[in-house]
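Given below, in the form of structure tokens, are the structures.
The two complexes that follow have chain A in common; it is paired with chain B in the first and with chain C in the second.
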Partner chain A sequence: MANQPDNKQKPEVTKVLLEEIIDSPSKKKGRSGTGQAILIPILAVLTGLIIGAVIIALTTEDVYKAFALSFGDGLGAAWKAISTSYEALFKGAFGDPARIIAALQGDNPIELRRAVNPFLESLVVATPYIFAGLAVAVAFRSGLFSIGAEGQIFIGATAATFVGYSIKGLPPYIHMPLAFLAGAAAGALWGFVPGWLKAKTGGSEVINTIMVNWITFRLTEWLLTGPMQRPGSGGVPLSPFIEKSAEIPQFFDKPIRFHLGFFIALAVAFLVYYFLFKTTWGYNLRTVGANPNAARYAGMNIVTSTIVAMSISGALAGMAGANEILALNRTLALGFSPGFGFDAIALALLGNSNPIGVVLAALLFGFLRSGATRMMLATGIPIDIISILQALIIIFIAAPAIIRTIYRLRAPKIEDRVVVKTGWGGK
Partner chain B sequence: MAEIIVHRKVEEITPRRKYTIAVVLLLIAGLMTGLFVVTASHDAFTTFGLTPGGITRGSVPDLVLPTLEVLIGLTVLVGLAGIYQLFKGFGRFTNLVLGLSFFLFIFALLIWTASGKSLNLGGLLKGSLLLAVPIALGALSGVMSERSGVVNIAIEGMMLMGAMTGALFGSITKNFWIGLGTALLAGLLMAAIHAVLSIKYKVDQIISGTVINIFGAGLSSFISSKFMQTYEYLNNPPIFPRVPIPVLADIPFLGPIFFNNNIFVYVLMILLIVMQIALFQTRWGLRLRSVGEHPKAADTLGINVIRTRYMAVLLSGLIAGFGGAYFTLGSIGRFEELMTAGKGFIGLASMIFGNWSPVGAVSASLLFGFFENLGPSLSLLGSKIPNQFTSMLPYIATMVILAGVVGRGQVPAADGVPYEKE
Partner chain C sequence: MSKKLYAIFAVVLMASMLLAACGQAAPAPTEAPAPATEAPAPATEAPTEAPKVIKVCEITDTGGIDDKSFNATAWKGVTDAMAEFGIEGKYLESTQAADYEKNINAFIEEGCDLIVTVGFLLGDATKAGAEANPDFKFTIIDYAYDPALPNVVGQVFNTDEAAFLAGYLAAGMSKTGKVGTFGGLQIPPVTIFMDGFYYGVKYYNEKKGTNVEVLGWDPVAATGLFTQSFDDQNLGKQFAIQLMDNGADVVMPVAGPVGIGSAAAVKERTTADKPIYFIGVDSDWFLTQPDYADIILTSVLKKMDATTKAVIKKVIDGTFEGGLEVGSLANGGVDIAPYHNFDAAVPAELKAEIEQLKADIISGAVKVKP
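Up next, the complex of A and B:
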């Protein structure tokens, strides 16, 4: 008797659970909750920058020398180290305002391009982050913690490169999209495998994506030293250059690398937003992520949802790889990704797995990374400071209680955060 | 009516799995026939060197095997196992037989590749062991933390910090013991962050682990490129010397491989035994595991769940820091950015592979180390198989195991779930 479901009660259970999902916390939330959803990321970034400043001061030798003279000198030196570094960071990210104004008034086109280049370069750096961040966000939304973006980026880049150089004589309006979509398709396949394994066997997507990453690194290594090696590269693992017709066009002359990929990324972000929040599939996917039991009771297909989510996630990451090759590098090298896929996890967390949030977070990362490159050249502070900043920012966003304690904010009644389900068992 | 439920840990062998494995065994035998027996040349001999190079204690003469005869013998053995499995079945020994057959396949591959040549088997195994040390330490670190119910994917970050601090302070003080001490401390500190975030603030443990990985990679690279790459004397730590253990180092074949190493290998062996006994034979271990399986029940019985988890995560950090120190103080002798190269993650995979038990985890690590080492050794012999494919095998094997082909693992039930007292 106990084993048989009570048929009379079942519809009511479903109804209650569905109400729980549809009546999302955002409607019930108090005023402090809505404000804090925006306030906490801003404070997190601010706090990250402050701690970054402390690290810069602590690792500058001049500061120690000045402190040896007097306390006041020490503070002065620390302030100088921090302000020059962050000034370089700002100028590297957005350009020097004074220089831009002067260049606009003058009539030297090369000087104008150089002056506005930092800002556009930041957008170039942000582009793969948008794709990869969206990839992880889609997985997060459906309750999957995918670490596989890096491998998917590699395979996407590999496929795009292959289509880019092996097919010849196509017009650009066919060849470029074809190469780009080949990257997306390869990424999708790379997402499909862990997704299928998760849905059908319950094997943890965390470990499976890590394993797929390693398999992919080895695979590309083999391809680049074997079948895909550029003839005459002298043993260097490099692919041939892609055809002109496969290139994603850059808009301006050198040194500006700003290209069409940025707008493709924005369009894709809009599509992902539309898919997640305006279509039934997206609704199913989010429900499975938010509450798999409720989704099961409501008759949603968790297996399909998981596979679809991982495949889309893989496709988006594949686009990140294809974008880098077709728009910038034009040839595949082993170390072409400085860890886009791993940073993407941070991005998705920062943007709360919302496509708009991810785009904003990607722009932030783009500005930070591009600015840090200039900061490294100007002040010798290693670019790795950005990773530290990223880690700090995510800590503060994932544990808002820390930020609330520092800034004495009141905790909202209900939090609207995407919580990733953990554990290896795949229940 | 009262019902008594007996939970058995014995794995059930379904008929379908039984036949699948029989087919797999026969396939392996078929592969061995097709790839090796048919192509092996008659009257050829395979020579195996049994002592790693550079070691004189416990050395033994080379082993010379007639290639074709041994290959036929191995193939017949696997084939017979397959036939037995098809008709009768090995029951609970199925996985063991599968593992052994796989091992025989690899052995046949070695004999076949080295046919007419000489392969230093002792060197191959010793190299595998040394490659496996950091993986095994990472895996043990994972077992420690996850048995208490805290997922630890931060091993990589902890190891990197351990490696960096060990090299830095080892170089400054010119003393590997101080270097090791600071490496342990670095691992401990990183673990403390993980513990506070995941236990106190109840941050999703995988997010917390990811953060620590990013942070560890960032901070170690930052300090490295700011100081250690610029000032060479800051990146030149002394290395722990090899210390042969009296008597044991003279055991033929095994001695040179296992008992003529530096402290890291010995600590790993001791840690393995201590952890296996402590986790499964002592009251302390029972309590730790109960916290990982059912924290509420443990709490009801008066076990302090929070404190137990803190302790486990901190211990896990110590082990990871030790594993990190191996890179700089135990083998390479300088810090390179991101030098752990994913060993922490492979350690994590070994832990899952080894079913969350210390012995299983370390065995899996040895397997990973072996395959990492196998590719280069084979290509030295002129094998046509690319290195990348042999080193891919363990990753694929992990995925297969996770998919449940070889049976489901025993995940601590409360792994990854923050504990909230009611």
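Up next, the complex of A and C:
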């Protein structure tokens, strides 16, 4: 649905998109700045995978046993540990090509669904990452270091759940969007408050959003053990199930969970892109983020810009929560704890705070997370290795000098650098 | 320019290494969805391939496999069964609620003979998974379905029986005439500990004509102290201090790791002439929290490992059927831990009374609930 405006002016849009990904305003300034915006994330991922491989080898008992026999055996065992792990990671993320081909030739529908499920499941896992990554990216773009995505996801999930179960008898085409937008609205409100505090009083958004997170967690707990508790749950902190009409439809039978939310996420990513780079509001916002003093001098309203940016950021995070409830969980439980509100910060960094970059980063995280389940089953390597990989990648992105040193890249000129964040509190 | 070429070369080199890593093992996996068997090993894998090895698969809640609480205890049941019966055990950790269904699906595909889901938070997902896959066996800890599902065993625990003993012991050891408890959340798996503790103290009062008071929980009014958290140790400290300030000299936190904070507070406050005792829950804290071994009077044991192993045994024997597996004093599913360091401090008479009380609860002569 988002592609409709895209089709007409495709060549131009693609070109612009590409420019925006690499985020260089000036073509003439040379390749080091432009190329590196793409090259560094790729190298960071690659380096992360290589170090991850070393960690896998170091934590596999068999490798030590083999090294005790001989050096050659040790290397062989290490190689085997690494290759089986990454092979499982790959198959878990994308599916096993041989199996998919066999399933396509056979006529067992369940086997076919299972064979293609890994790839689709990765997209399912990536979906909330897209929303949440966009949320943080919008804040970053306006020079705001928002840590509030986690709380906004929670409140979005809570609001979507409430609208999902409390309103009955609506047709799906009204109820589902309504519940989804309720999540977005709640998130927006949760972004508005710290945004307003920041704009009006100068209170650091870092602190505000963290504090709002805590308020949200406790509020959700109270709601789940009080007004929103499922009748007859015997004290278990669970909400009622949402109505069928509020569910985001899944496209296939079990076990495939692939759902409409993924396309909504892509559409929203396009809208965010359009907003940031094709509207005056977006321009204001980015200018405030890049240089608040210049923006003020140019007559832009920093107060409004901050509040708008935080509200939009909150709305996007709220959508992530609503998406999880309406498409997958169908009920809110105490252990909802997504954690991807914090991963989202990493995503925004990895995606260079650019909607397209964020989508790609979210897909990467989705594939890693989803593949990790299979890797754990096949090799017993805990899912935590993925958190280590993610952390390594983030370190390399956040400190590109490491990557430049390893791969001997030239540092770009200062004016080519992308301002992700000016400093704590936007100073 | 040459540096750039160098960089590209490096990338290509790394990429080819990685691809080779994937490629090397690639010829093998065409046969079936289980290359797992040739993996370099979760060390424990039984070498017996010929007869079908029973595969038991645990899904944790968001606490993770090493939470030193029920996820870990249930996993101990699986590893015990691995050692004893030569089964194969696997686990998947959930990091968020949406993982429950995903992990159940993964284990269905893995062909697990028994899927163990840990905790009431997995109740809905387990039910959905069990209904969609009627030929798979499930067992869930701390949850019971009403009506029962034909392929799910709910593991529930008469924890109040063991906590009753702990309450009796606490009342017998208290010098101030006040004992305290608090919970993580006001939910049945938590409050059942506090109920038992409360009525154990009441029973002691009845028997001895004393008036030992329980702080922190009143089962009749259903009001008490709850941290609303299972991970904030600071809260555990504050709550314990509050109880001790009000005169309690026995503290039993029913809030998972939150209790570690309480143990720290008790350890700071206790003295030789005015001892303050700590009662652990779920596992024997003397063993799991050795830092606080010298204040731990006993622990109320909820042996999820024993019940999980019992369910696994039924799968092996082919006697598995849906319903309940109730851990009680009678079958050793719940108990109180040894007194360890306080063995000498607990009067022999009190010990004997507790042994008698245990027998009476098992025989039904003493009711742990009014």
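Assume the second predicted complex is superposed on the first by the 383 of 427 C-alpha atoms of A that agree within 3 Å, B and C clash if a C-alpha of one lies under 4 Å from a C-alpha of the other, contacts with A are read in each partner's own complex, and residues count from 1 in each chain.
In this section, contacts are C-beta pairs under 8 Å (C-beta built on N, C-alpha and C of every residue); 3 or more make two chains touch, one makes a residue touch a chain.
Just so it is clear, the model here is predicted, and its values are computed rather than measured.
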Chain B versus chain C on the shared chain A, clash or fit?
clash
Return first, second, both or neither, reflecting whether A:Phe342 touches chain B, chain C, both chains, or no partner chain.
first
Let me test your reading of the model: by the given contact rule, A:Leu39 touches which partner, first (chain B), second (chain C), both or neither?
second
Once the shared chain is lined up, is A:Ile385 touching chain B (first), chain C (second), both, or neither of them?
first
Taking the superposition as given, does A:Arg114 touch the first partner, chain B, the second, chain C, both, or neither?
second
Of the partners chain B and chain C, which touch A:Ile82 in the superposed model: first, second, both, neither?
second
Using the touch definition from the top, say if A:Val206 reaches chain B (first), chain C (second), both or neither.
first
If we overlay the two complexes on their shared chain A, which of chain B and chain C does A:Ile394 touch? Say first, second, both or neither.
first
Is A:Arg218 contacted by the first partner chain B, the second partner chain C, both or neither?
both
Of chain B and chain C, the chain that contacts the larger number of chain A residues
C
Once the shared chain is lined up, is A:Gly106 touching chain B (first), chain C (second), both, or neither of them?
neither
Per the definitions at the top, what is the overlap between the chain A residues touching chain B and those touching chain C?
218, 221-222, 380, 382
State the interface residues of chain A toward chain C in the complex, per the touch definition above.
31, 35, 39, 42-43, 46, 49-50, 53, 60-63, 77, 79-84, 86-88, 90-91, 96, 98-99, 102, 114, 117, 121, 125, 218, 221-222, 225, 234-238, 241, 254-255, 257, 324, 328-329, 331, 333-340, 373-374, 376-380, 382-383, 407-410
Taking the touch rule as given, give the residues of chain B at its contact with chain A in the complex, in rising order.
151, 153, 197, 201, 203-208, 210-215, 217-219, 221-223, 225-227, 337, 342, 345-346, 348-349, 352, 386, 388-389, 391-392, 395-396, 398-399, 402-404, 409, 411, 415-417
Could you please specify the touching residues of chain C with respect to chain A in the complex?
3-4, 6-7, 10-11, 14-15, 18, 21-22, 24-26, 29-30, 33, 35-36, 38-43, 61-62, 65, 90, 92-98, 101-103, 105-106, 108-110, 119-121, 123-124, 132, 185-188, 191, 228
Chain B-touching residues of chain A, taken from the complex the two chains share
55, 59, 145, 147, 197, 200-204, 206-208, 210-212, 214-215, 218-219, 221-222, 226, 342-343, 345-346, 349, 380-382, 384-388, 390-392, 394-395, 398-399, 401-402, 419-420, 422-425
